[in-house]
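My questions all concern the structure below.
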Amino acid sequence: MENITKIYSNGFVANKGITFGVGENEIHALVGENGAGKTTLMKILFGMENCQEGKIYINGKEEKITSPLDAIDKGVGMVHQHFMLLPSLSVAENVTLGVEPMKHGLFDFEAAVKATQEIADKYKFKVDARAKVRDLSVGQMQKVEILKALIKGAKILILDEPTAVLTPQETEELFEQLFLLRDTGVSVIFISHKLEEVMHICSKITVLRHGYCMGTYDAKDLTEASLSKMMVGRDVVLKIEKEDPKVGKPIVEIKDLVKIDPSGKHVIDGVSFSIHEGEVVGIAGVEGNGQDEVSDVLCGMGGFASGEVKLNDKSIKGKSVRAIRDMGLAYIAEDRMVYGVAGEMSIKMNIVADRFDKKEFKNGLFLNQAHVNEVVDKYIKEFEIACDGRDQPVRMLSGGNIQKVVVAREFTSGANFILANQPTRGIDVGTAEMIRKTIVRKSRNDGTATLLISADLNEVLECSDRLLVMRKGKIVAAFPKANEVSEETLGEYMLGVKEMTMEEMEALL
Amino acid sequence: MNKTQKIETGMELVRILICLLIAYAAALVILFLIADDPWFVIKTFITGPFSSPRRIGSVINQSIPFILCGLSMCFVYAVNKFNLAAEGIFMMSGCMVALVGLSLADYNLPSIVMMIIVYAVAIVTGIVLDYIPAILDRKFNANVVVVSLMLNSIVGFFAYWVLQNKLADPKKSSVESRTIPASIQMPDLFGKLKVPAGLIIALVCTVIVSIVFYRTSFGWKMRIVGSNPRFAKATGLNVLSISFAAQLAGGALAGIAGATEFMDNYKTFKWTTTTGHGFDGLLVAVLAKKNPRLVPIGALFLAYIRIGAEYLNSKSNGAVPKEFITVIQGIIILLIAAESFLSGTKNKIIFKEAQKRLDAEKAKNTAAA
Amino acid sequence: MFTASWIGQFLATGIRLATPLVFAALAAAVTVKAGMFNMGVEGMMLCAALAAPIVAAQTGSVWIGLLAGVLTRLLTALVISFSSLTGKTDLYLTCIAFNLMATGGTVFLMILLTGSQSDTLNALKIYMLPTLNIPLIEKIPILGPILSGHDILTYVAVLSVILVSFFFKRTRLGLRLRSVGENPQAAEAVGISSIKMRYIAFILSGLLSGLGGAFMSIGNVGYFMKNMVGGRGYIGLSAMNMANADAAGASLASLFFGLCEDISLTLKSNKTLNFPTQFLDMVPYAATILSIMVINFIRIAHQRKIEKGEVAAK
């Protein structure tokens, strides 16, 4: 792939002039943080997205890949992070979907089983072609996904974070399989940010960062540390002027929190920390390591299995979102269009959505429209929301302005705990700046306690006072002063190169 | 941005008008094809309802239950729960009014007192009946539509049984109740137009419902829940109880609708099956885009085409069966609900406007440079 | 009273009454497997019920009438699917609107074509589908009337249950339909067009409910009556829901409902016990609601147990 540039329709440039190549009989790693552009690049190769600029060459010939089917035709197969299988059907049926063998116009189940078994044996996969997919373990499901690609003749196999869902043994098995594939002429592109695995099985490594390609290297020339240094870094260092926090009493206290998801996995595995008055605690970490679940628990959108969570000295277990908000929570959700606003409704209704039930906005049985309008107009001005007036439907605003509506509501709710999950994702620099500055200012002036969960390193390093790192549902590092942590160090903890012990972290939680 | 908003609302209006026109045109086409004297039939259809004060009055009369049922369905549609029990409630409510009215006839209570009692009964009936599908949905995750439709059948039979066994006047040859006391028969207004006083109730309800929707916290809560239930939850609203309450409110209005229609136009209770007003209410709510303030307009339009069709039904006017109007109604709902209908055009216009603005800005910038 | 012949007759009637329900349930199951909840079955059956006797009367052949019934259903299925798949209307609303149209439209057409204002279409010559009497079997006590002597469509219904199950398990098309219903993304990823599949599902659904509707008129009574489907489409839908779209289970559920109706009819005709007719009429509908409640309650309780870890999730 040469000079690929991909710009998404909201102006976000995902890939900037990336040149990347894979050779025969090679397991090639594509690494980078969340949002670095790895999945996008592969989606382009697999025909799920198209690019503004750039060319793709397969076996020396230039190709235009227009759709997944096209990609499959040209020998490219992809195994996605989220499996695309049909649980109630058998392995054979899943594998042969789309290329089902027929006999007398009917689906020939036996032939499908045979074909599946053949491919499985060829690459030494151990699967029972007749078993139903929903009865399989996750590792086996992944094998089925790989077989799906292989049976259609894939010569280039893209694996997107394959080990994210596997146990250590399954991971070992997968690696053996990949070595076999490599030796029989299939090239593998291995997307991951698990550095130890990458170093273990890949011969070449390409690093992406913030949409740019940082280079392709031989694995033997790198160490995990040097690799993480290349992956984790800030291009522009954002410095926010701030005084030291005046830390007061704990507002949020979490002890031994455990949350189990429907498949039995401990998505939060014994987490304890507290957030005090006047400070901003940041949680850094690769997405999917439990941060979102912590956010869900704190705001009341999800429950938890065991542990203690207190807000302003009262337990939130079993309480509704309304009750927790009344106890002092303000919540900036990760996905603003789904949880942050009602797109069809007016700016006015969105801003007062959490409080129009309160006395000050009511006039007997009715809403005090005048007061509502007054308050909303004030906020529109204060937060500089660019709009056509308070009655405009929110979905017509730009992303940054929509987020301004969200913060206008959350920052003025009178809460003393702000839960901000990816507050500046996908919005323009100016608005992001404003939101960050407001978070810091509120903690200094109003004494708000804030939990900032963010995949944006700039943000989490500059806005947080104390910094925690989460990995695999646990807290693996704690730092007293975020802006004194180097990116390399942070990267090492985020990617699992290092881990702090409980004693080291005790005092900092 | 302002332009875009104006274009959107403008296009929505135009879209509804076009849908109505297409449906109306379809009606005309059908008439044309089947009538012996097409032009006469078409003319009668269009102008018939206006041809005499009596007829205009009947259009308004017909619109009263449509308004009330439309308001009822606005609540239900606002929270996206298609609880169609209004149909059964309408009939049962009329039945209960007859029952109560006849039982209290001997007390000779003044009209006002009777009205209040009777409406209270109607509202309670509506709430109780609408409660059933709502609670089954909440506790058992049962499909609201199917349950409410089954319930309608059950209620229909039950009301008929009540009619046959409790209300029936043995002196009459057809199945109907004894005459209800005059105290609960609605007087007619406006002299020659002969519009029953139920109109006042309908208009009052429209005003009240509009106020509730747009000026009370409950109305706001309902609309937010209907617009984005996940957001509603994240902001602390109790989605389940709000949807529930909305359905009950809808039930109460359906009860009022049935009672009013009965007292407006009948001296004895003789409904033997459900009347279809529940579904008409849904149509009106869809036409009015869940906005109670537009319900009377939708109701009037529906009444207009209905009366037109009924008018054609009589032999002298072409003997066109009036049921064709249900087909038209279906077409209207389908066209309006089809979101992609004409949305392509709408987007094109918005895009063109955006282009124009961009060009204008560019021109301004180059001129300034 | 409970003689062997009475039992046989009772069950036979139950089967007869269940036939349209089975077709409706199968029609609904087909679309549910492809991921959509087709409530329009009710209206679809009504259209077929009207078309069949009319065309039969016009052409003089009961078989062509049957064909016409099925064809109308296909047409109506296309209307619904076009509306919701291409026009993007909410499927529920579309089906409600369509059922309304069917209710009124069929009466309209009936009056139009026959010139009479009555509720039933018995002005036309009555055509009925033949019944099938299997020679030896019909002599067996109890089982005899159950297995033989039914209208031909009843046998077709039984056959359909088998065919539909077979279709989904063993044909390529069936497989693809299920994939679209279960995980449209997975299907799209291998090049199956979910929209095309859904149209096909609707067409098949049309076929099945067409048979069901035709049965009601030319199979059962020989004429068309205003609103003769009377909620059977919805009952069939609930049957399917209860059996979780499994063809065999759905037909058993339909049979159950058929028997309920049977009970109600029997009690009605029984002069000694004087049950008021209206309450008996309610029986099938009330049974539907009750069974929905019971089944869902069991399902939810089971779900809760899984979440608490008492039972392993499947």
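Brief remarks follow.
Each chain gets a letter, A, B and C, in the order it is written, and its residues are counted from 1.
The rule we apply is simple: a contact is a pair of C-beta atoms (placed from the backbone, for glycine too) under 8 Å apart; a residue touches a chain by one contact, two chains touch by 3 or more.
All of these numbers come straight from a predicted model, not from anything done at the bench.
Interface comparison, B-C versus A-B: the higher number of contacting C-beta pairs is recorded for B-C. The chain with its Cα centroid farthest from the Cα centroid of subunit B is A. Look at where the CA atoms of subunit A average out and do the same for subunit B: the two points lie 47 Å apart. Work out the mean CA point of subunit B and of subunit C, and you get 30 Å between them. By the touch criterion given at the top, residues 170-172, 174-176, 178-179, 182-183, 185-192, 307, 313-314 of subunit C touch subunit A in their complex.
In the complex of the two chains, the subunit A residues touching subunit C come out as 68-69, 72, 84-89, 93, 97-100, 102, 105-107, 109, 134, 148, 262-263. Taken in their complex, subunit B has these residues touching subunit A: 1-2, 4-5, 211, 215-217, 220-221, 223-224, 227-228, 230-238.
The residues of subunit C lying in touch with subunit B in their complex are 39, 83, 86-90, 92-94, 96-98, 100-101, 103-105, 107-108, 111-112, 117, 230-231, 234-235, 237-238, 241, 276-279, 281-282, 285-286, 288-289, 292-293, 296-297, 299-300. Contact residues of subunit B toward subunit C in the complex are 34, 82, 84, 136, 140-143, 145-147, 149-151, 153-154, 157-158, 160-161, 164-165, 279, 282, 286, 321, 323-327, 329-331, 333-334, 337-341.
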